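In structure tokens below, several structures.
Look at the two complexes coming up: chain A is in both, with chain B in one and chain C in the other.
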Partner chain A sequence: MTWRTATVVELHDETASARTLVLAINDWPGHVAGQHVDVRLTAADGYSAVRSYSIASAPSSDRRIEISVERLPNGEVSPYLTQQVMVGDELEVRGPIGRWFVWRPEQAMPIQLVAGGSGIVPLMAMIRSHASADSTAPFRLLYSVREPGATFYRDELRALSSRGDSLVVTYAYTRVTPKDWPRPAGRIDRELIASSMWPSNLRPSTYVCGPTSFVENATKFLIDTGHDRDRIRTERFGATGERK
Partner chain B sequence: MAIISRGFSGRRSAAGAELPPGQYLTTDFPVLSAGPTPHIPLDRWEFTIDEGGNTLKRWDWKSFCELPTESITVDLHCVTRWSKLGTIWEGVSLDVLLAAVKTDLPYALFHSYGDYTTNLPLKDVVNKQAWIAFKYDGADLEPEHGGPARLLVPHLYLWKSAKWVKGMTLMPHDKPGFWENLGYHMYGDPWKEQRYSEE
Partner chain C sequence: MNAPMNYLDGNAAAGELSRIFAADLTSAQGQCANCGVKKPFAEAHLYMQCPGIVARCAVCGHVLLRLVGVAQRAFLDLRGMTYLTLDTTK
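Take a look at the complex of A and B:
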């Protein structure tokens, strides 16, 4: 797999700590929703650091991809990508990578997506791919965020979910809710999974992405509410909470 | 020739820490799994060695716990680029398990609860290179890290160290497992940066 030159053509902030980078890559071979890329930064003395980022954009023919990067407090690459990089800069990118946590427009069955925090990114690629392919597969998204201001893609999700019933979005706020929100702030629970996801007898395919403890909880509630574990795909990031 | 990233200096790893190419040091213990974490009651746990259809040896949890164990301190290297140094495990060496069977077959496919599989040459799991580990850092191995027991093959990328392991099938030829079928390298040597099958 070769390293390709990517030119930063657009930047915009998703939240106070996350930024989307639009990258133009002349020889981009195309991707499938859910895949990721390796991004390599190189210092003047040759030292380099590589991290993987999920692609946020739908497959398209314009040789561009978007990645959305959350700044990690002690990160090495994410502070650079969210604070230092400028339009016109060149980065090195390799990919696309991953053939497991992917959704293709040929998949016609109901889909449920469960996102925790920046785990929305690969799921957003699926939602965008679904919209751009005019897929009739019904999608449901349960999106857990700390507070309203931590929501990625808020306006776009609102627009896509108001275009009929092919995408239904449910938000869960873990720390602070919007005013008059019916559910108190708190982690996702079994009731929320049961009310926001498809009935298990429809045999939906499920994609869960988020921090480890979030994914452990979400998959447990999904299995508890009758969903087939073989139809649940996961992508986790970060450490387990319990151990240092 | 790499493109220099304007203004990037990076954070070099701690003095003296030598990592495989493209890895960074973490003190966390990240979790990567393709699906839900299986929870296996110990009274249903077993580990088998078979030749495909023909079971050569089977242990239940009780008989497995009677085997001699070793304390293992090793570095871990995950294909998602984190490395964690000096991790402490307790487990049963594959040398002990394989001493119970007679085979000339050169490859193994390890399989797990939750249907995960990964392939390894037999020469990579003998001679004190691989263990079935059931304790991490002095405590029972937590389910999300592969408990009750996982394979530990620290000289290869960590996806080879199958979580929730339940058996190994000995084979005359190499055969890709789960990630190996999805574009990851058949062997996975971190020092040669064998991440993907295309390289």
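Take a look at the complex of A and C:
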């Protein structure tokens, strides 16, 4: 797979520490919701750093993709992408990558999405793909987020989930909740999974994305509540080591 | 294996592996040479805090794959897997 040149055509802040970059890529071959790209930055002295970012946008024919990047403290690439990059700048991109953690509009089964923090990004691509394809597969999203201000895509999720019952969104706030929120701040647990997710006897396809510890916990709770391990797909992310 | 939770999934190696393999390895099924479990490579535990990439079996922790780049050469060790089955339609 070759590196392609991507031009930054739009920038949107998602939260105080996360930004969405819209990239135009002339020879982009198209993607499937859930796939990622590798982004390579190269310094003037030739030093390069590669990081993987999930694609946030639905597949489309406009040769554009969106990535949403959370700024990591002491990060090497994310501070540049969230604070310094400007419209018109060029990046090197390799992708689309991965054929495992993907959702295709032909999948008509109930879908359960479980996001921890910026793990929402590939799941948002699935939600957008579901909406743009007018899929009737019933989607549920359980989105664990630190506090209301850290929520990505809040308005869009609200709009999509108010269109009927093809998308139901449940938030779990881990540190700070909105005022009068019924559930105290805390991590997701068995009770929340049991009350907000598809029951295991519906045999939903489940996609879990978040930091490694989140994915481990969520997967354990899912299996404990009767979900079939083979119907759960996971994508873990974290601060990865240096790669060239 | 009680390693700390500093691993990713096989998914995260897909970009680097695409430099070597024409087919997508994340959806390939591999059999662990140690415990015999057959799983998608995407479910392997991937360690990247090292000079290269190490993928371990999600069940027993056995090393499935090592990929290290030195200068312009890649060293690939796949002996931790008995075999891989790949979808060749794409």
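Just so it is clear, the second predicted complex is superposed on the first by the 238 of 244 C-alpha atoms of A that agree within 3 Å, B and C clash if a C-alpha of one lies under 4 Å from a C-alpha of the other, contacts with A are read in each partner's own complex, and residues count from 1 in each chain.
To be clear about the criterion, a residue touches a chain if its C-beta (ideal position, glycine included) is under 8 Å from a C-beta of that chain, and two chains touch if they have at least 3 such contacts.
Keep in mind the model is a prediction, meaning the values are calculated, not measured.
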So, after the overlay on chain A, do chain B and chain C clash or fit? They clash
Review point. Which of the two partners, first being chain B and second being chain C, lies in contact with A:Arg63: first, second, both, or neither?
Key: neither
Once the shared chain is lined up, is A:Arg187 touching chain B (first), chain C (second), both, or neither of them?
-> neither
With the two complexes superposed on chain A, say which partner A:Asp89 touches: chain B (first), chain C (second), both, or neither.
first
- Task: For A:Thr5, decide between first (touching chain B), second (touching chain C), both and neither.
- Result: first
Per residue count on chain A, the busier partner among chain B and chain C is B
Item to complete: Report for A:Arg146: first if it touches chain B alone, second if chain C alone, otherwise both or neither.
Response: neither
Could you tell me if A:Ala49 is touching chain B, chain C, both of them or neither one (first, second, both, neither)?
first
Among 7-15, 25-33, 61-69 or 97-105, chain B clashes with chain C only at 25-33
After superposition on chain A, the chain A residues reached by both chain B and chain C are 1, 50, 52, 97-101, 212, 216, 233-234, 236-238, 240, 243-244
In their shared complex, chain A is touched by residues of chain C numbered 5-12, 14-16, 18-19, 24, 26-27, 40, 42-43, 48-50, 69, 87, 90
Residue positions on chain A within touch of chain C in the complex are 1, 36-38, 50, 52, 94-95, 97-101, 212-213, 216, 233-238, 240-241, 243-244
So, in the complex, the side of chain B touching chain A is made of residues 2-12, 22, 24, 26-38, 80-81, 114-115, 137, 142, 144-145, 179, 182-183, 196, 198-199
The residues of chain A that touch chain B in their complex are 1, 3, 5, 40-44, 46-52, 76, 80, 84, 86, 89-92, 97-101, 212, 216, 219-220, 222-223, 229-230, 232-234, 236-240, 242-244
